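Right, one structure below, let's go through it.
Letters A, B, C and D mark the chains as written, and numbering starts fresh at 1 in each.
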């Protein structure tokens, strides 16, 4: 998966064919009282229909979901941990010059409270199972950013005996950031890319 | 005669019930418009208004702190969600709302879920007790100050319950620290409040504020203000005393194992308590919604002027809390307890003596007034 | 201290077990000794010559044998000394320097796990850097790194 | 009760695990567990050309990359018998000292966070960025520079660099006073850090502890003075020491070193202004000398034979005394590269300076060690 993979948008099904429309004049004249009773009678089914349509839309994620999607993508709490060199740039991104908090990115120390795992550095086999544990401790929905070449594919330590060649062998990765280490701008760009991705996927 | 929030909701409910009742025949109509039903509905409406207002205020307080902290740190804080990040905390809250709810393995289900909820609820109850402006409160409670402090001190229990039941060593340590700290600082806070009560002659927060129309209590009771302020810092677990959540050693303290909505409860309740603490400081020492007489009347007589000045003072007090947070390191548990028991309590006792002296001094002919002990 | 002085000093202590003292750039000298003399030499170097600060313990795999070297610093002389000995590859035992220099504990643990030197009478000879139960000594010449293209094939199915 | 602090813990500043046994809030035993960042740098180095190992050095200690580059490269030059131009030596000294400033400021930022001060962390990061900007102007990177080469440095300093560096130094000096005001000016800081993690000079020597930790115990041991490398014998500076051996003393030593480093940097800049010249030895074989030769180009991968030799170097790195041991058997790769990490030794004594203190004291004590896990695990 590339850094910014545009999700496959399933085409909307064409509108169901409706029957031939009756011309206005051919509609039978209905007495006033009948209309009243008809309306009263049809209120419940109509309401039911409208409600079920709403429920259906909700199920498709069109009513509340955009709101939560907006909330989710605008307040990504990354897990506060540092693996290696990239962790220093990760910290610099929260410094005064870049200030990632502008985008609502606020590191939390506990995996329970974070929803973004930024793998900022070389992952060794010794830490691999801890990384998986941390990932599993994070509540859904959660995302992973592989920051830097080491997390992406082992980087300069790819051939080493103790290094996991790419964190995608352990956890599903959403965004890869190239660089060794990536500059803080690149990290911010990666986070914004993830926000775009979340919006496009409609998560 | 100021319009109280309570009377507003009373008017709304009687209007509503009168309108609904008018289409019904007599027995129903009479029942609907009877005082009891109207009052019941009025209380509900009142609570709803209060809840919304206080929640918005709390969330604004979080925004205020984040922006202010950012400024202290040479950066800007939340910027891109809403204008100047105003919507940032709403986004945070909604996001936490949709995170999935979970429970760590071998955590105690009852404590794990009831702890944060009770913490949140007991913190929110306080909004119903504190008056906001002259006449703007739920009802006149003669002992509202005592009630407020009693409800305020529920928190360590629920923190400890949730910390214990989340089956984590950091949580447990944080919970124990939190309980010890809050109990230790309950005492000086209560003693400092006694000084205020002596001077005001009442436990009613309304009366305490009215007593301050001539002079605010922070002047004669500066020692009590100091004790109360420090005690509130400890009760709110803010930075020199934020050991229970000490990020460096106890990951996130007692809420380490909490995520999603339960964590949002903790977070929100913390700031509710911060807001309540600032409100209490303003009510007890800074004259509540009253302004000194040299302030032009135009500035104190516009609609809702009382609330405006009250909230302004509250936010100013909170800004001092944030300032302290930005510039002080954290103390250690034993030092904190030593400060609490060995420095704060003697100071609080001293402040009681000072309050007594002030009351006596008011008898002097130069001041031309009589002591108002006991109203 | 000149290498010759060092040699004279150590020769009377170790006798034939002192193999050589070579000059070494930036150091007092490179002392080559038999491994049986290890503890005696360490004590002498620390207590008598005053090299109280152990800086580094390392191992080198020369395929047929393994070399262990110690670097120590003296605050009085303001210089380093390098002590080096050979152990056979099939019997890589050496007396631990931990009783003499406390600092040697972790350094020797590292030399044990990376080069496979077995330090006798070491207080705590566990693996330090590699995971528990890791069976290899990675800095041996026989331990080969992955080729990048091998890696591609190997990990694709993980 | 055994408590695992790490590998993901705000205190660790990296990947390691401190196992502490606590009795109430008192520490009774401690055992650091390392190796979560063991990348086998020493092994990979055996498969690389001498110049290519420099890339690994930046990543070995990611807060003091240039110090480690010079450490390795001086050992490699000794092993390959290569002389370095004078200007390159001065540039290396300049970069070492700039790196020391950067590293100490980074340490300050991390340390104050450990004791609960939030604001100075941001100040530290802000000031460190200025140093990184300087590095960026002549190496092109913020953290991983690849600037040193066998036989000198890759390129000369750009025009106007010295003036810019002087400006940064002028700006930094008052900032150090500001740091002091934020820490030493606070009574709580003294309550937290005085008499904490106490070590005597003898204990330090026994445990192999070097650097600011040793100097804070009263021993004025600094390789820059005791065993001058680069051109430290030609600059004027004092060795910062303190006597208490506790966390506050370590803080004081590092702050004083910052000021001394600024002093050295200024002298280096003055010298460099007056002495232009070559920065890379001219008589190098092509595979060592050509910095931009593409892989596979003629001469680059040729199996050159070089007279075998063993190189040793020791530098006073920001964290302490680092050493490199490079064995050259005449091949194109080093036969064995061995490093001595100062933090490795400083960490090995963790038990002796942790036991007896409170759990809340762990972050300031371990923070005062200035941990860089990259160089411990390598």
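Keep this in mind: a residue touches a chain if its C-beta (ideal position, glycine included) is under 8 Å from a C-beta of that chain, and two chains touch if they have at least 3 such contacts.
Because the structure is predicted, anything quoted here is derived from the model rather than measured.
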{"item": "If a chain touches chain C and chain D alike, it appears here", "value": "A"}
{"item": "Chain whose mean Cα position lies farthest from chain B", "value": "C"}
{"item": "Distance from the mean Cα position of chain D to that of chain B, given in whole angstrom", "value": "48"}
{"item": "Separation of chain A from chain D, taking each centre as the mean of its C-alpha atoms, in whole Å", "value": "40"}
{"item": "Approximate Å spacing (C-alpha centroids) for the pair chain B, chain C", "value": "65"}
{"item": "Rounded Å distance between chain A and chain B, as computed from the means of their C-alpha atoms", "value": "36"}
{"item": "Residue list for chain D, restricted to those that touch at least two other chains", "value": "9-10, 35, 38, 40, 43-44, 47, 122-123, 126"}
{"item": "Per-residue multi-chain contacts in chain C, two or more chains", "value": "129-131, 138, 143, 145"}
{"item": "Where chain B touches two or more other chains at once, by residue number", "value": "73-75, 247, 251"}
{"item": "Interchain contacts (touch definition) - all pairs", "value": "A-B, A-C, A-D, B-D, C-D"}
{"item": "In the complex, chain D residues that touch chain A", "value": "7-10, 13-15, 35-41, 43-44, 47, 55-56, 58-59, 62-63, 106, 109, 122-123, 125-126, 128-129, 142-144, 373-374"}
{"item": "Touching residues on chain B, where the partner in the complex is chain D", "value": "69, 72-75, 169-170, 173, 239-240, 242-243, 246-251, 325-335"}
{"item": "Complex interface listing, chain A residues touching chain C", "value": "125-126, 154, 158-162, 165-166, 169"}
{"item": "Touching residues (chain side chain D, partner chain B) in the complex", "value": "1, 3, 5, 9-11, 25, 112-119, 122-123, 126, 182-183, 186, 188-189, 191-192, 358-363, 367"}
{"item": "Chain B to chain A touching residues, read off their complex", "value": "66, 70, 73-81, 85, 87-88, 90-95, 97-102, 247, 251-252, 255-260, 263"}
